[in-house]
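Which chain is which? They are A, B, C and D, in the order written, and residues in each are numbered from 1.
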Amino acid sequence: MIKAGIVGVTGYTGIELFRLLNQHSEVNVTHCFSRNKSISDFNDVYPFVESGSVELMSFDPSIDYPIDVLFLATPHAQSHNWMKDLVNHKYKIIDLSADFRIPELSFNTFYGCDHGYPEGIGKFVRGFSEIYREQLKNADYCANPGCFSTSVVLGAYPLSKTETGCVNMLVDAKSGVSGKGKKVDESSLYCEVNESTMAYGTFCHRHTPEMELELNCPVLFSPHLVPMNRGILASIYCDNPLGMTQDELSDIYEDTYKDESFVRVVGPESPIKTHYVTGTNNCFIKPMIIKNKIVIFSVLDNVIKGASGQAIQNMNIMYGLNETLGLSQLPIFP
Amino acid sequence: MIKAGIVGVTGYTGIELFRLLNQHSEVNVTHCFSRNKSISDFNDVYPFVESGSVELMSFDPSIDYPIDVLFLATPHAQSHNWMKDLVNHKYKIIDLSADFRIPELSFNTFYGCDHGYPEGIGKFVRGFSEIYREQLKNADYCANPGCFSTSVVLGAYPLSKTETGCVNMLVDAKSGVSGKGKKVDESSLYCEVNESTMAYGTFCHRHTPEMELELNCPVLFSPHLVPMNRGILASIYCDNPLGMTQDELSDIYEDTYKDESFVRVVGPESPIKTHYVTGTNNCFIKPMIIKNKIVIFSVLDNVIKGASGQAIQNMNIMYGLNETLGLSQLPIFP
Amino acid sequence: MIKAGIVGVTGYTGIELFRLLNQHSEVNVTHCFSRNKSISDFNDVYPFVESGSVELMSFDPSIDYPIDVLFLATPHAQSHNWMKDLVNHKYKIIDLSADFRIPELSFNTFYGCDHGYPEGIGKFVRGFSEIYREQLKNADYCANPGCFSTSVVLGAYPLSKTETGCVNMLVDAKSGVSGKGKKVDESSLYCEVNESTMAYGTFCHRHTPEMELELNCPVLFSPHLVPMNRGILASIYCDNPLGMTQDELSDIYEDTYKDESFVRVVGPESPIKTHYVTGTNNCFIKPMIIKNKIVIFSVLDNVIKGASGQAIQNMNIMYGLNETLGLSQLPIFP
Amino acid sequence: MIKAGIVGVTGYTGIELFRLLNQHSEVNVTHCFSRNKSISDFNDVYPFVESGSVELMSFDPSIDYPIDVLFLATPHAQSHNWMKDLVNHKYKIIDLSADFRIPELSFNTFYGCDHGYPEGIGKFVRGFSEIYREQLKNADYCANPGCFSTSVVLGAYPLSKTETGCVNMLVDAKSGVSGKGKKVDESSLYCEVNESTMAYGTFCHRHTPEMELELNCPVLFSPHLVPMNRGILASIYCDNPLGMTQDELSDIYEDTYKDESFVRVVGPESPIKTHYVTGTNNCFIKPMIIKNKIVIFSVLDNVIKGASGQAIQNMNIMYGLNETLGLSQLPIFP
């Protein structure tokens, strides 16, 4: 059995890792870390965990814990200061934060501080499972992608590999509120979010450099917040300079993803909504040609394929396990 | 025109006062106070107010502002320390907080501090408009009731006046989230509240002494939080020791409220839900005899009839105005 | 007093007309029509209307009802068959349905039937109040715009009047569920909509020809459904061929709308969400230049400025009344 | 492997059976039945099922399908007409509808028709897994309980076995909307339910006779609808004639459920909300003594422990399998 540790287990992605790994046949979560000193018992936060059954510890990056893999489900701009210590230990690391996803300069700009261990960035394989599967197989360190990035990159990747790439790409994305994490902030109060849709971070969201890196093109990224717990729907709009037909586009997408367990390409007549993937590690993609534009809708569950589920998928790859272990649930509906 | 000041104008009841008074033909809101030092412009909080159009000031109870009436839309346990200064000024005061609603001893117990001006409690008329209308006509100070208290007291008051009063009264109430106010707290985050119903404060909620005072009987009060912005549905269950019939019960209720503008008694076959009162100062009451129990459902909008609307109704009474001024909206639906 | 009739009063736009006109100082709703034979009493549908207080009648277009203005809050493809009769009566007509908004050919294509009175289309003034105010002043017939169309046209109109117009315009819109109306359909059930965001009708939505007609350019319109009752947020993306600056763009917008009561232009740093307009006839517009794209966010309440509120605004114009009569509410929040 | 059939697979409990059995190591769903003739492909309803991968058949009770167990996830008042045919086949039957839960007379009264096979009622073991485990071990037929009944019976069962039983029992229950099923009805539209709480069926709900049968006492049952997809919170209030202490009450509950996998008794200080059980087969129960009343809160996921999950638990018992097979998920949060 693989022994796993989770740092930040009381956050939304941390608890989701805990929940999903609980159903994984090859993993035991043996170490749970939380910096929240007011929480003495995991049961106080998540009562479905029996009181006293899970010990919460403070994480110390200098300690070589007896684990095989460490998941960092921490806020951004934290692990970059830990990494120079962490590289001294022998366990694999999957970092769900942004700290090792993008080049030093982009990090410094978008996260407002100097990267504490820039030489470490190159040690991390970028964790888009479907794209970097081969590199992940031998990796010790994985920088798990952002939720928006995953939806957009999976949605546009096949197009990005065509002759023209993604031309004049504009993405209008809609996310549920769990994407904001559990930070206590007035703007996340129930009454501030419920019954309202908001635009924010237009063309300057932090996930943009990660998308542009993967897709090798500029991305005009316009995120929105909608009143639901989970789910991202990314609406991707591109030009069609070569006059590609629907059949050609569909073929490219089906061909790219035909062997994938978690990516499903649907036809231009299929409805598409986030319900179809809630509670799963799936990403549904609907590529269309309409009025000579290329339109691609991509939906996923931001907490699973957009975070903790993809982290486990990456762990499965890094350990040579069947990629679907712990991740075979059907969507929960309603 | 009556010149009004609002302390705590950036909270949920404060902004609702501002909104409703904006439609009141006899009132101008001339003074807006907020203790939130990070807010320099009301527009930053409520963008529907034009930037710069409303000046936000710090409130100082020792200052005699040139206003006629002051609304205190402050958190609990604040105005009790201001009142010894405030009585020196000539303006009328309507306190939406709990500080002058209940006897000193109850206040100290339920709000965890010593009352700063216990001799002032008797100066306040309790602001159940339908019950204390006569006393309010000559009042300078009004202690506006709690939202739960209003729904329960209006629902049970006619029964409380019968020979037996309310016998073995048990109230199971369901409230929307705005009742928690705008306090930034993990338990009020969207994802913590959405898609869940919670029981809390069973038989020990702070509004209980106010209900017991008005109804003159013990009240077993069991509140619940449901995922919606506004609305309270109070389900009131009592014994029927004298075997009252439906007709007798209905008559008592209709008789009590027949001249009221804001209380509507509906028949035992009518459906009842909070939608019917959203956005209004109305309270719908459905008294029933079933299986020899007395069951009364009472619904209101917690921010209006449960707070700011009733405060304006009380102001109208205190000034001898038509009680419905500023409060004649039909419910917003959907 | 103006005597008004409402056809389809039990639908979502019908009841909103009823609600808003109830606060209008110059209008009495004297005739309420519903084709729903199962409803004998308006109180059965909207219990806040007292039982028996409003008579519901069947509408007969051949009858000359003693009213001054008739609001048609009917489903699409209904009034086009009535109009040949209705023109014989002397009352003004404001049609909230699509039947007289667009040219015959577009109607036939998008609504799947032959228009029953194509010669009538030209008699209707298109009811974008801010654009056709002069024409409306003398109009007998008004074709009230669609909710999406209003948000998009108000958002893009100032740009459409510039030298280049709207270049490569793409609109990604998000709507609350009341926009679907009260039609009983599996896809509108609570559990089918709640906790999910959906894309639909991409580049082929029925409101598109109305937008293109007003803006005089092709519109790639991509609507989405989000889980909330009310509100539309339209995200409008255009090219910036002449390199317009933020100041130039802001000036154009502020100049266009500087005298408008219901349109507010906000700065590029202002947050924007549908909350800001819920319960009002307002439209907030945020024009931005970012990365050399023109981005415009437009928010409104689809039931008010997107339907019934604009209908009343148009009626006010048609009768030479102050445009804000009955429509001066501040937004309801939370 | 056990071969299972599901009748009514496109409804909310049917799809949940399909979803949960998909993760069950000992079961294959080999037959899916739907009476909905407009659905030709399961993928049209539930796109997460690949198109063509599941054949939907019409169900004919006279056919002896090659299955081991049949789940009836049908509307009420349907299977009672099928049972005289079904008893001729050799497969086990778990009926999630109400048809064989209660005595003939109660069925006729509450479901408005004559029971088509009253002699069959006695053949069914009532499917409260924790109470009828022994009887279920040898059962061929199981009448799976109602969702409200499960929450109330599990919550009150330990008390019902004490010397006095449940005295003056009153239950105020709050349910999410999926409990209404997928029936297309105006009252279930998103805008009719969202942002509102409703009382209905007070003291006359169909699940009452089932509760009274199990608990052997009258139950005053008062249900409410709250705006969320899943979850029931039942608030149970009883007298405490013998002056039982909190410790005594807690002991009785802990003793009753100490060996149960799915029932968790929590202490009087623990918070309780439906979140804690969403997506699981768990029932959390919080028994309290307050002000000399016995108060018990019981929460469960109505679609799982209240329907499909308990049906699978019962199947596991009927086949001598580990009771938790297919049901070991932790709650999904947020």
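Here, a residue touches a chain if its C-beta (ideal position, glycine included) is under 8 Å from a C-beta of that chain, and two chains touch if they have at least 3 such contacts.
All values reported here derive from a predicted model rather than from experimental measurement.
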item	value
Taking each chain's C-alpha mean as its centre, the one farthest from chain A	B
Pair exhibiting more inter-chain C-beta contacts, A-D or B-D	B-D
Candidate from B-C, A-C or A-B with the same interface as C-D, over half of contact pairs in common	A-B
Centroid distance [mean C-alpha coordinates] between chain D and chain A, Å	36
Cα-centroid distance, chain A relative to chain B, in whole angstrom	45
Chain B and chain D: spacing of chain centres that average the CA atoms, whole Å	39
Residues of chain D engaged with two or more neighbouring chains	12, 177-178, 191-192, 194-195, 227-230, 271, 334
Residue ranges of chain D touching chain A (in the complex, touch as defined)	12, 15, 18-19, 22-23, 46-50, 177-178, 195, 229-230, 264, 266, 270-271, 276-277, 279-280, 282, 284, 303, 328-334
Contacting residues of chain A [partner chain C, same complex]	170, 172, 174, 176, 191-192, 194-200, 202-204, 218, 220, 222, 224-231, 233, 235, 237, 271-275, 278, 286, 288, 290-291, 293, 295, 297, 334
Of all residues in chain C, those that touch chain D in their complex	12, 177-178, 182, 184-186, 188-195, 227-229
